[in-house]
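Common to both upcoming complexes is subunit A, partnered first by subunit B, then by subunit C.
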Partner chain A sequence: MIRRLRQKFWTTKPTRSFGGDLAVLLFIAAAAAFSALPLVYAISNAFKPLNELFLWPPQFFVRNPTMANFYDLLVLMSSSWVPFSRYLVNTLVITLGGTVGHVVLASLAAYALAKHDFPGSKWMFSVVVLSLMFAKQVTAIPNYLITSVLGLVDTHWAIILPAWAMSLGLFLMKQFIEAMIPDALLESARIEGASEWTIFWKIVMPNVRPGWLTLIILSFQALWGETGGQFIYSEQLKTLPYALSQIVSGGIARAGVAAAVGVIMMILPITVFVINQSKVIETMGASGIK
Partner chain B sequence: MASMPERQVSTQAVYRPESKLGQLWKRIKQNKVSYFFVAPYGILFFMFTVLPVAVAIYLSFTHYNMLQPPRWVGWENYLRLLLADDIFLIAVKNTFVFAVVTGPLSYLASFVFAWLINELKPRIRAFLTLLLYAPSISGSLYLIWTIMFSGDSYGFINSRLLYLGIVKEPIQFLTDPKWMMSVVIIVVLWMSLGTSFLAFIAGLQGIDSSLYEAAAVDGIRNRWQELFFITLPQMRGYLMFGAIMAITSSFAAAEQIIPLVGFPSTDYAGHTIVAHLIDYGNVRFEMGMASAIAVILFFTMVISQRLVQRLLDKIGT
Partner chain C sequence: MKRKRLTLTQQRSLTGYLFTLPFIIGFILFFLAPFVQSVVFSLNHLRIVTGGYELIYNNWENYKHALFVDTNFLPTFTQTLLNMLLDVPAIVFFSFFAALLLNQKFKGRLLARSIFFLPVILSSGVIAGLEASDYMANMMRETANVATSFLSGPALTEFLMQMKIPRELLMYVVNVVDRIPEIIRASGIQILIFLAGLQSISPSLYEAARVEGASGWQTFWLITIPVLSPTILANVVYSIIDSFLAPTNDLVNYIRSTAFGGAGFGIGTAMGVMYFAAVAVILAIVVGIISRYVVYQD
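On to the complex of A and B.
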């Protein structure tokens, strides 16, 4: 019975004790409860009718779930003079365009920095890492000036182009390429006459799949929440988080709607996370290339 | 192809020893392809990160109120911060308390959970990963903590305490300086399984499983030996990444803190260095002072990163 239970949960390893495994599982379960319960409460709030939201003492779970908050949100959305789908499309353009460009450009650069030894490579990498440590609040004004010199103010490019060169992706991809691509693999491909371009797409990228799947999650999430308020003035170019934050700023009367907004904004990033993360886990065993 | 240029160098060296610059130029030309690979990213990175940072460093030596052109004042901003700004020193103290607690703990938690989860079967692992990572993806939903810790009797925790008769008056978790820092630390730790956690999971996934099989044959007996002799050395690059992410997020914390304890917080008990920077930059329009804070913070992070790096270098040696 114990053995069946174990096989259900763990990939069996000879170096593990059952007591240890069980302790680990209980520990993870406790942590998962701590991390999930506040969110369960938040989501449950989104389905509470107004009288339950202001009930004392407040209840953790909803008693009479209602879609009223979501319906209110729908009404508020349809009363904006720009069709709400417009905001969604804007955010999707920024999120997808930014993520794809960032993953490709950062991986290209990371491959060269990780596997080619050329003058300036170490220097460039340290600059990227150090840049993570500079508070981004003070670079906002210089950034705005540069964006306006380039003529990008009030276009989606003002958000997409800087996203392509975020520091995070290069740092992350370099660590992945260094750890997952053995030099011997590249050497043998070069001997067979493959160009660096081919090596990058046919050997490097397929083998660091867990790396860029993870980067897609992170980049998607960062851009999805982008309000763009600093750069974008035209109403028809504004983003979904911006439009929703306008609705929520209506104060305490919109408490239920705010909860609904939070839940709706979470749907897509969670979907991307679940899809990519399960693919990261699938890659197990495929590392037989070494 | 590789031997050709070498021969040229050697014959030339006999007649005319090449200058250092010439050699560098030769190496640059040999690595032309590498430059094409880094160019698109590098150009954008230069424009949108390097240039703005350089401008900010310059501004830190000026008086700049965003209306008049910047006026050079030398070290004045730095001296003012360190000698004449009491609140900055409070912010420094708070930031260190916050960073010393949340930095190492969130780093450790990210690794430990990624590592523990790694041996579970895929389906349960995917489910637990989702639960553990959910706070980082929750967006505005993390503001549920303001309801949790709210200081009136409708706050979830206060309502329970009152209901059970443990307290007579609601506790002012978010405004009482006694509680503020602890509450903020709890909420930030709740969200601590983020970027590094995912990087560690993916990194562990990439470790060659034959290494573990070989180790079991070689007499590794339990999970701890396996961790110290195989997993940690294999993970060194990711551990460096995680350390830097922990340092930057714990020292630069402000954006998750401000919505919880307000701005400015009571008695500045939740005031961090970046909160102070935001105060100068967005409220008082003193960009010179704000930039000086950013420069000081930058060097603080660089120093702590060097210290952590020394610790990490000891792993597996």
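On to the complex of A and C.
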């Protein structure tokens, strides 16, 4: 019985002892519980009526689930000056524009730095790594000055363009390309007459697919929560997190709405993550060199 | 006039420059330039005048103030560095172990992966703000701490002491156990990076090893670890930086409050520059040590 279950669970033949399996499962379950509890609680909160939200002692699970919080949120949103969809579109523009640009530019630069030994390449890479360590808070004022000189203040570019040049992406992609792409592969492509541009798109990128899929998540995650506070002043350009945080800051009476906001903000990142990771798993076995 | 043809190396260099150019331009504008300006700010007294600001050079006064006048800066600084040294090895080991498990083929592993990534989603932006103000969320954090504290309690310490484990190692273990919930929460992205690394290992390597009759143990040490070593390095660097720049980091918060409201922007940037220098030195040492063992494809 146990053996049958185990064979069903592990898609491949189990190589561990039963005790080993049990230990592994317990470990995963314990760590997963730590990670998942806050989410379960947040979702349960969003469906609580106001009286349950303020119940003492607080209850973990909702008893009389209600959609009232979401309904209130809709009412609040529809009475705002700019329609809800506008905020959503703004955030999507920033998130998608920033992520695509960042992944492409960082990978291009990473390929060049990893596989082309040109004068100054080592130096360039060390400066990029050093810049990883600088706290945003400290450069806030100079950053604003430069954005303003470039005439980007109060446009979405003020957030999208800096996202393109985030150093983390370059660093990660360089590590992946160095680890996964043998020079022999590139050399044989060059002998076949492939241009560098073709090599990049047809050989390098497909082979480091798990790398850039991961980078997409990182970049998405960073931009999705962007409030754009210091750069964007026009109401019609503001982002969803900004609008939602304004609603939440309405105080204790908005506790129910705030819980609903939390759940809504989580839906897209979780969806993107699940789709993205199912693509990572598919890459298994699609490797280039035999 | 005939155009001079480029040599092969020159051509290669040219592609190198062309490919890096778009990124580097953005990088110089949005990171390097603000950074240089911050360093300039940290050496000057910043005064707002009509139509802009004025800089008055004040001979390292900001640094002196941060180091010798400010009573909170140095203790927070050392505490933050110590926490980082404790957390990073634990985070890297935990996420490596978790990634190895999550990379195996079993039913529901996509769900398992998603669960491990949840803390990253929960700790960002608006959601984090909600969590912080929520009583129950705080209480759960407390409960989690109590749940692990029995492990680090006096009984365990006593028991381990009798086992003649070196004191330093013991204190490290006890501290790490105390911080398990935080470590799990901080590992989401590292797990992903490791998973991506594991996924990129060519299956033919494992096949070859199996044909040669290598055991699972040998395969792990002779294939997984060396091929994954650049990813391990990447993750160590990422964890160090993540712990240094986390919004929950006390020192970052202190620098922010000093720069915008406290003792002034000049002193805040001076603290920021010193912090940066300290991280840079630590990172250089760590990377220097690990790089010796890293194996690259060539």
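Just so we're on the same page, the second predicted complex is superposed on the first by the 278 of 290 C-alpha atoms of A that agree within 3 Å, B and C clash if a C-alpha of one lies under 4 Å from a C-alpha of the other, contacts with A are read in each partner's own complex, and residues count from 1 in each chain.
The definition used in the following text is that a residue touches a chain if its C-beta (ideal position, glycine included) is under 8 Å from a C-beta of that chain, and two chains touch if they have at least 3 such contacts.
The structure displayed is predicted, hence computed values, not measured ones.
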item	value
Clash or fit, subunit B versus subunit C on superposed subunit A	clash
Which of subunit B and subunit C A:G225 touches, first, second, both or neither	both
Touched partner set for A:D183, first subunit B, second subunit C, both or neither	second
Which superposed partner A:P38 touches (first subunit B, second subunit C, both, neither)	both
First (subunit B), second (subunit C), both or neither touched by A:T91	neither
Touching partner for A:S121 - first (subunit B), second (subunit C), both, neither	both
Which of subunit B and subunit C A:G20 touches, first, second, both or neither	first
Which superposed partner A:T214 touches (first subunit B, second subunit C, both, neither)	both
Touched partner set for A:P142, first subunit B, second subunit C, both or neither	both
Partner chain(s) touched by A:T99 [first = subunit B, second = subunit C, both, neither]	neither
Overlap of the subunit B and subunit C footprints on subunit A, listed as residue numbers	8-11, 15, 24, 27-28, 31-32, 34-36, 38-39, 41-42, 45, 58, 60, 105-106, 108-109, 111-113, 116, 118-119, 121, 124, 127-135, 137-143, 145-146, 150, 161-162, 164-165, 167-168, 170-172, 175-176, 178-180, 196, 200, 208, 210-211, 213-214, 217-218, 221, 225, 248, 258, 261-262, 265-266, 269-270, 273-274, 277-278, 280-281, 283-285, 287, 290
Footprint of subunit C on subunit A - complex, ascending	8-12, 15, 24, 27-28, 31-32, 34-39, 41-42, 45, 58, 60, 105-106, 108-109, 111-113, 116-119, 121, 124, 127-143, 145-146, 150, 161-162, 164-165, 167-168, 170-172, 175-176, 178-183, 196, 200, 207-211, 213-214, 217-218, 221-222, 224-227, 241, 244-245, 248, 258-259, 261-262, 265-266, 269-270, 273-274, 277-278, 280-281, 283-285, 287, 289-290
Residues on subunit C engaged by subunit A in the complex (per definition of touch)	12-13, 15-20, 22-27, 29-35, 37-38, 41, 98, 101-102, 104-107, 109-110, 112-122, 124-127, 129-131, 134-137, 139-140, 144, 180-181, 184-185, 188-189, 192-193, 195-197, 199-200, 202-204, 216, 227-231, 233-234, 237-238, 241, 244-245, 252, 255-256, 259-260, 265, 268-269, 272-273, 275-276, 279-280, 283, 296-298
Subunit B - residues contacting subunit A, complex	24, 27-28, 31, 33-35, 37-38, 40-42, 44-45, 47-53, 55-56, 59, 66, 109, 113, 116-117, 119-122, 124-126, 128-145, 147-148, 153-154, 156, 159-160, 162-163, 190, 193, 195, 198-199, 201-203, 205-210, 212, 216, 220-223, 225-226, 234-235, 237-238, 240-241, 244-245, 247-248, 251-252, 274, 277-278, 281-282, 287, 290-291, 293-294, 297-298, 301-302, 305
Residue ranges of subunit A touching subunit B (in the complex, touch as defined)	8-11, 13-17, 20, 24-25, 27-29, 31-32, 34-36, 38-39, 41-43, 45, 54, 56-58, 60, 105-106, 108-109, 111-113, 116, 118-119, 121, 124, 127-135, 137-143, 145-146, 150, 161-162, 164-165, 167-168, 170-172, 175-176, 178-180, 196, 200, 208, 210-211, 213-214, 217-218, 221, 225, 248, 258, 261-263, 265-266, 269-270, 273-274, 277-278, 280-285, 287-288, 290
